[in-house]
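Naming follows writing order (A, B and C), and every chain is counted from residue 1.
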Amino acid sequence: MALERLEFEYLGPAEKGKRDWEYIHIGHVMSGDLEILAEPMPHEPGVTKFHVTTSAVGFGSVWQMVIDEFMATHKVRACEIWINDDGATPAVVKLRLAQLAKEMSREKSG
Amino acid sequence: MINFVGRGRDAIDYIVDEGSFEENLCGGETLDPEWAESAVVGSATLSGETVTVIANDAGIANPRFRMVYAGLMGLEEGFKMAHAVYLTIKADKDKPLAEKRPIILVVDTPGMSPGKVEEIIGIYKSTGAYQLASAEARRAGHPIVAMVVGRAISGGFLCHGLQADRILALSDEFGTMVHVMPLVGIARVTKINIMLLEELSEGNPVFASGVSHFYNLGGVDEIIESVADMRPRVKAQIDEIRRLKAAGEYDKVGPWSRLMSGIKRGGRKTSEKVIELMEEEFNLALSSWLGGEDDGFTP
Amino acid sequence: MDDRWNLLQNQPFSRLNARERAYAICNPESFTELLGPRLKLTSPHLPPMGQTPQFDDGVVVGLGTVGKAPAVVVSQESKFLGGGVGEAHGTKMVMAIRLALRGQEILESRSKSSESRGRVAVVISFDTGGVRLQEANAGLLAHSEVMDAFQAARGKVPIIGIVGGTVGCFGGMGFVAASVDVLIMSDVGRLGLTGPGVIEEVVGTEEFDAANRALVWRTTGGRHRFITRDADFIVEDTMKAFREKVAEVASWPIEKIASKRIIGTGEMVLEQMRLVDLAANDRIQDSWDLWRQFGNEDIEYLWDSNVSEFEANARRWPRGRVGDND
């Protein structure tokens, strides 16, 4: 019944350019949905950390896959991403992550 | 063992001076005896001093509103209780703090009436009016003590009890019930396993029913172990409330003081953090929010 | 220029989330959230129950400016556990009102040009079913703390309520909304104590058929609440409509704001008792029976008309006090 906590960490070349956003928050915790909070981690320029809390227990490999895919498409660096999930499907997770990437680039460009 | 569930009216005599209760006499005014009879209001004495008493009689239904029975609070009941409080405030308007008469709430109510006509008229105004009246009386200096003798349930407890300066409750052995919803109900609505809820409720007072849980959260100030203790403890609380109010310590009585007790008793750890962090952030944001001391406020 | 703010103004209020509502009810770029998601002050009570917590515990609180008034804004998120009031959620609300009072005291302590700085207002967007059952006891106590804070704010800091979200405002939050100074609702907003589903479950379908949407709306919806004066204003379901009305009300002198209250004095209790009398002995079966009593004849027309037509033509409960029938 308790929640599952998953951690994922990615290493890559440091992000170039200045980041304008202080933090980004997206979504809601509701059945089939999730919230994402992204915070900059300027002291670790090449690192991206994911902290997932989910009520759907036992789907670690699916999360790994979805987040791997996200990281392969988007150059997200030097930030920590917190996810509170209430049983979102992989499709919804992808959608929310895409929204996050969009917000990041939008905020970056001003 | 004596049990006052459903017998709010009988409990009055165990709390005030025996035989002193005069129903429908309120701050010198006499109310229509046929008005919402299950809402029992009147005057009595405690150690010889005049007090206002408010109770529920679960044995009387309201003939004008069929969804008001078994001690449920309806539209008229809440407004009648509010009216009794306002009459009390008015009667002592010009008296000094030390002479503001106490209000004693004898609590045994299963909640608010769940009827359609109640929703059409807006029963939230009835319960709201009673709470605002009680908060006003408390802040005007009247000592308000709630004595939970039976059921103190959800919205019923909110309007009849939770605005008091101090809340005393007979311990669980007297059949006292304090909760929003029994665990089975919570389990059904939230779809959380009842066994898990039962297990969790042992270590966490935040959701399960019971006087001791409310005590740990601060929602009950004192647990009373015997019927004979009710009268002297209510009296002692009135004296203590008067002392605090005379010293201007209004945050040491009423709902806010119970939040503080809940923190002290370890039942409301999250609230403590919320208060601390919000204070901190508020202070940081203050000058940009209100403008600096001398530069005037510019929208 | 704040593009995001502009974009939000034309959106339906009901479709926005709590944070967007809080941000857009204030003047552009004036909103600062307190205890926002970054602090991650989640409920510790939910995870052991298998319920994912949310970083803001379902309520957004912050400081901003509304028109010319500094404001403390509280906005409930109904998507998270139906906007239910748990421990942190409740304490955030209570603190918001206490901090508004403190802000007002600070303004008053500054002798110079205090009036030009405006008066602090509290704006609360209700979108909740009341107590969060997973934290029922703490949620219940929080209601009493909010009511006490309301009473403390009386005559000092106006409290402006909004009911325009998809859940509406039910349970204990129903009487909290009834205790504000001025209440603004939309057609989407619903206000009550016992929700239709609960009445149906406890009493039966013959008492209330919760599946009957028209019945639900004419019993608890903004139009009915406007007719009985529980809602002072009915506005279109847009962010802009709510913001403009809130800014207008916040600019009023405090005496005028207080005159809109429906409960909170002995006189108002007696006044409300007259309304209650109309419903005794089953004389009222439906909200429209009341509408008729107040002189509304073509009810179907009123029901189907747009908000401004409705507002112009609706005959409201003649509250019985001079100046209230405008």
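We adopt the following convention: a contact is a pair of C-beta atoms (placed from the backbone, for glycine too) under 8 Å apart; a residue touches a chain by one contact, two chains touch by 3 or more.
Worth saying up front: this structure is predicted, and the values here are computed from it rather than measured.
Taking B-C and A-C together, the chain pair joined by more C-beta contacts is B-C.
Chain centres here are C-alpha means, and the one lying farthest from chain B is A.
Between the CA-based centres of chain A and chain B the separation comes to 46 Å, rounded to the whole angstrom. Between chain B and chain C the centroid-to-centroid distance comes to 23 Å (mean Cα coordinates, whole Å).
Once the centre of each chain is set as its mean CA position, chain A and chain C turn out to be 34 Å apart. Residue positions of chain A touching 2 or more other chains, listed in rising order: 1. Residue positions of chain C with contacts to 2 or more other chains are 48-51. Touching of two or more other chains is recorded for residues 192, 196 of chain B.
Chain contact summary for the complex, chain A toward chain C: residues 1-3, 23, 25, 28-30, 33-35, 37, 39, 53-55, 82, 84-86. Listing the residues of chain C that touch chain A in their complex gives 17, 19, 36-38, 40, 42, 47-55, 77, 79-80. Partner chain B is touched in their complex by these residues of chain C: 27, 32, 34-35, 39, 41, 43-45, 48-51, 61, 63-65, 67-68, 70, 87-88, 90-92, 94-96, 99, 102-103, 106-107, 110, 112-113, 116-118, 131, 133-141, 143-145, 147-152, 154, 171-172, 174-179, 191-194, 196, 198-199, 202-203, 207-208, 219-220, 224-225, 228, 230, 262-266, 268-270, 272-273, 275-276, 278-282, 284-287, 290. Taken in their complex, chain B has these residues touching chain C: 64-67, 75-76, 79, 82-83, 86-87, 89-90, 112, 114-129, 131-133, 135-136, 139, 154-155, 157-159, 162-163, 179-181, 185-186, 189-190, 192, 196-197, 200, 204-208, 213-214, 217-219, 254-256, 258-259, 262, 267-271, 273-275, 277-279, 281-282, 285-286, 288-291, 293-294, 296-297, 299.
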